[in-house]
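Before anything else, here is the set of structures, which you'll find just below.
Both complexes shown next keep chain A, but they swap its partner, so chain B is in the first and chain C is in the second.
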Partner chain A sequence: MNTSLRGKYCIAGVGETEFSRGSNRTTRAMGAEAIRNAMNDAGLKPEDVDGMLSYHGGDSTPSTSIMYDLGLRPNFYMDCSGGGSSTEALVGLAMGAIEAGMADTVAIFRSMNGYSQMRIGGTGVRAASPITGIDLLKRPYGMISAVQQFSFTFTRHMMEYGVKNEDLAHIKVAHSNHASNNPKALMKQRVTVEDVMNSRWIIRPVAHLLDCCLETDNATCVIVTSAERARDLKQKPVYILGVQGRGTKPGGDFHYQHGPISRVAGYYVGPRVFELAGVTHDDVDVTGCYDAFTYTALLQFEDYGWCEKGEGKDYVTSGIINLGGRRPNNTSGGHLCEAYTHGMNMVIENVRQLRGTVDDYCPQALEGVHTYDYSEGHCRQVRDAEVSMNMGWGTPAVGSSLIMRR
Partner chain B sequence: MPSYVYRGQQINISDADTEYKGYFEAAAEHRLVVKKCLDCGLLRGEPGPGCPWCTSLHWEWNQVSGKGTIYSYQIVAHTVVPSFRDWAPFAIVLVELDEQSGQPDQYDGLRITANLVDESMEPEKEENVAIGKRVEVAFLDGEDGFTLPQFRLIDEPPKGTVWLHQL
Partner chain C sequence: MTTEYQKPLPRPLSPELTKPFWDAANRHELVMPRCQKCDHFFFYPREECPRCLSPDIQWASVSGRGRLHTYTIVHQPVNPAFREDAPHVYSVIQLDEGPRMISNMVECDLDDLRVDMPVVAVYDDVTPDWTLVKFKPA
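The block that comes next holds the complex of A and B.
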């Protein structure tokens, strides 16, 4: 394993648009704003950004449109097909492009009207399209949305390890507490375990409505450059220690033909990213574990080794993942409460955590002055956060991970 | 290209579809088939072009008994597909077929997705859906020639642990 790039590259800028349900504008307009915000955050001018990467599911705008809008002339760009777990992987590809001499500074963006246009939950455009190819063995049976496609994995897990829905609800509760200190979050109100359990069922036995993420209109961006280049820029660099993905389980799309089906891609990705980064679980202060649904977070906590397989229910109910706990997870509120962005908002949040400038309700948050009062409407900065880890989820079979240090 | 309508959804099966066309042609004859590798002889649950165990691209359709065991399931309480609303709550099951169960690896099996239906091809009652229960294929014939393999409970002792969710 080539560990020679450890700490050689960094995230120099982050940015996003408003998170909304009804942006009333195009993915192009949102993408341009998110990239511009990240450039301003980093203190980069158009001539400084010579690389672009994006990911999409046929629901975004090509880099070649937005480069006009911002006066960019990339030496390198690619628009990649992909959803969740792409952010982390593209950070690695950006490093590779820079290392190969193809570019010096790469903006990675995702733009999606995930609520008002191509709804992530499968209603509208997706449900109305003709059924062909691999969908022939799914959609005729009424199986189309992500919560359904991943659910065989978790129902089986519930049988094998005795997890209860109530255990999952604790993940939503933690993330909602975090979101209550995030002015950007779509769903800021704190919820209880009872609120989650009393929300209507979507798919039994794995997900109530409040176990599901928030379909959102938004664009997000992170900018990767070398640590050397970042020294002259506006922000404290956040160094990339290791990145892996998108790594897979055996069988890819048809992973449920092999087993154990309750195992997810993190089982393969985790050991590699820790080795590459040269850190252990104990070194990590804050995590970003992909919460498309509460159960995707629980499955990943187990297979990335934060606890033994089957003990995820104890990990998520212990207080460890709450602000003020040993290792808070998704301090922005994540996909469940801040916004569904296909993973980028969790990377952005961890960059801000490591800078010490999380944008909470502390009056001097942007200067790094925090109260560490985690009650509603106050602080969400993790005290002295030094190392973060993101765990991106594509499907049970697909995942990526990113470990960063301040 | 054959095109059908099932529960308000348009289904297009291309003449050049090397994966699924033969599967549905067999279903129309009330035969459940999987692909068999002509080199190593193993069956595969997903009808892809290559053998996951030996990479061979030579295969033939192979009829199976249609009997199996519920390996996992989901109860769709809220559906995003309008034409399924009158069905909810309904079960989608992952059935492990009897053939090649636990081979070549202990966790491997031929696993097929379908609805769990009753004698009248309507959704089976939720309280009857459980991992471990025995099932058999039942073919749902549409008026335009499209046949969808479904599964029904059969009166056989369960295989392994029986598990259903507690609410």
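The block that comes next holds the complex of A and C.
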């Protein structure tokens, strides 16, 4: 394993658009705004950004259009097919492109009208698309959406390890508490375990409505450059210690045919990213664990080794993942409460956490002055956060991870 | 039948690869691809054995018996054509011969569903041309 790039690259800028359900804007306009916000955050001018990477599911605008709205002329760009777990992987690809001399500073963006146009839940455009490939063996039985396809993994897990819906609800409760201190969050209202349990079933036994993320219109961006370059820029550099992905289980298409169905890709990704980063679980102060559904977070906590297999229910109900706990998770509210962005908002949040300048309701938040009062409408900065870890999820079979240090 | 079947039908783009499966389903039989070199049953159909990569594949009858490996009860179908069925059951069936396949569980009280419960294939002639293989408690 090549560990020579540890700490050699940084995330120098982050940015996003408003999170909404009805942007009335093109993905082109939103993508340009998110990148511009990240450039302003970093203090980069158009001539300073010479690389672009994006990911999409046929629902975005390519770099080749957006670059001209920003006055950029890239030496390198790629628009990659991908959803969740792409952010972390593309951070690694950006490092590779810079290391190869193909570019010096790379903007990575995701732009999606995930509510008003192409809904991830499989309605609208997706539901009408023709059936091909292995969908032949799924769609006639009614299967389309992510919540349905991922759920097989967790039904079996619940039966094997005795997980209750109340356990899952604690994840939503924690993330909603975090979102209540995030002015950007789409759903700021704090909820209780009872609220989750009383929301309607989407799929039984694994997901009530409030176990599911929020389809959102938005664009997001992170900018990667060398540590040397980052030190001359506006923000305190956030160093990339290790990145992995997209790593898979065997047979990533019908993964449930291979080995324990309740095992997810983090089982393979986790040991590699910790070795690459040269840190242990104990070193990590804040996590960003992909919460497309409450159970995707729980499965990843187990397979990344935050607890033993089967003990995820204890991990998520113990208070560890709450602000004020040992290792808060998704302090922005994550996909469940801030916005569904295909993973980028959780990386952005951790960059801000490591800078110490999370945009909460503290009057001097952007100067890094926080109250650490985690009650509703106040602070969400983790005290003295030094190391963060993101765990991106594509499917039960596909994952990525990113470890950063301030 | 006066009402047209509204749900998706498995009209394959490369019929030669999957035709034996659908033909057998029409006859109310379940067949699976089997590698002639290493004896491995596998599913979905592929041109080469996923275990030994041999292209020597034949279709072979299987018992239609297995266990409910995992499932999910859909309360909010995405495709409107399935709304009349809700709540209905997606399942992964562990066949006795080895492969796992996706299907629906039918003829079962939702509260009686358990992982690893024994199941057996049933054949649903959804149109004159197409039959779907589903499963019920054995």
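We take it that the second predicted complex is superposed on the first by the 406 of 406 C-alpha atoms of A that agree within 3 Å, B and C clash if a C-alpha of one lies under 4 Å from a C-alpha of the other, contacts with A are read in each partner's own complex, and residues count from 1 in each chain.
As a working rule, a contact is a pair of C-beta atoms (placed from the backbone, for glycine too) under 8 Å apart; a residue touches a chain by one contact, two chains touch by 3 or more.
As the structure is a computational prediction, the values presented were derived from the model and not from experiment.
In the three-chain model built by superposing on chain A, chain B clashes with chain C. Contacts of A:156 after superposition on the shared chain: both chain B and chain C are touched.
In the superposed model, A:206 makes contact with both chain B and chain C. Of the two partner chains, both chain B and chain C are touched by A:261. After overlaying the two complexes on the shared chain, residue contacts for A:58 are found with neither chain B nor chain C.
Common to the chain B and chain C contact sets on chain A are residues 121-123, 127, 131-132, 134, 136-145, 148, 151-153, 155-156, 159, 200-206, 251, 254, 256-257, 261.
Against chain A, the residues of chain B that register as touching in their complex are 3, 6-7, 9-14, 17, 19-20, 23-24, 44-46, 48, 52, 71-82, 84, 87, 89-90, 92, 94, 105-115, 126, 131, 148, 161, 163, 165, 167.
Residue ranges on chain C touching chain A, taken from their complex, read 7-13, 18, 43-44, 50, 69-79, 82, 85, 87-88, 90, 92, 99-104, 110, 114-115, 132.
Listed in rising order, the residues of chain A touching chain C in the complex are 121-123, 127, 131-132, 134, 136-145, 148, 151-153, 155-156, 159-160, 200-206, 251, 254, 256-257, 261.
Residues of chain A that touch chain B in their complex: 121-123, 127, 130-134, 136-145, 148, 151-153, 155-156, 158-159, 200-206, 209, 251, 254, 256-261.
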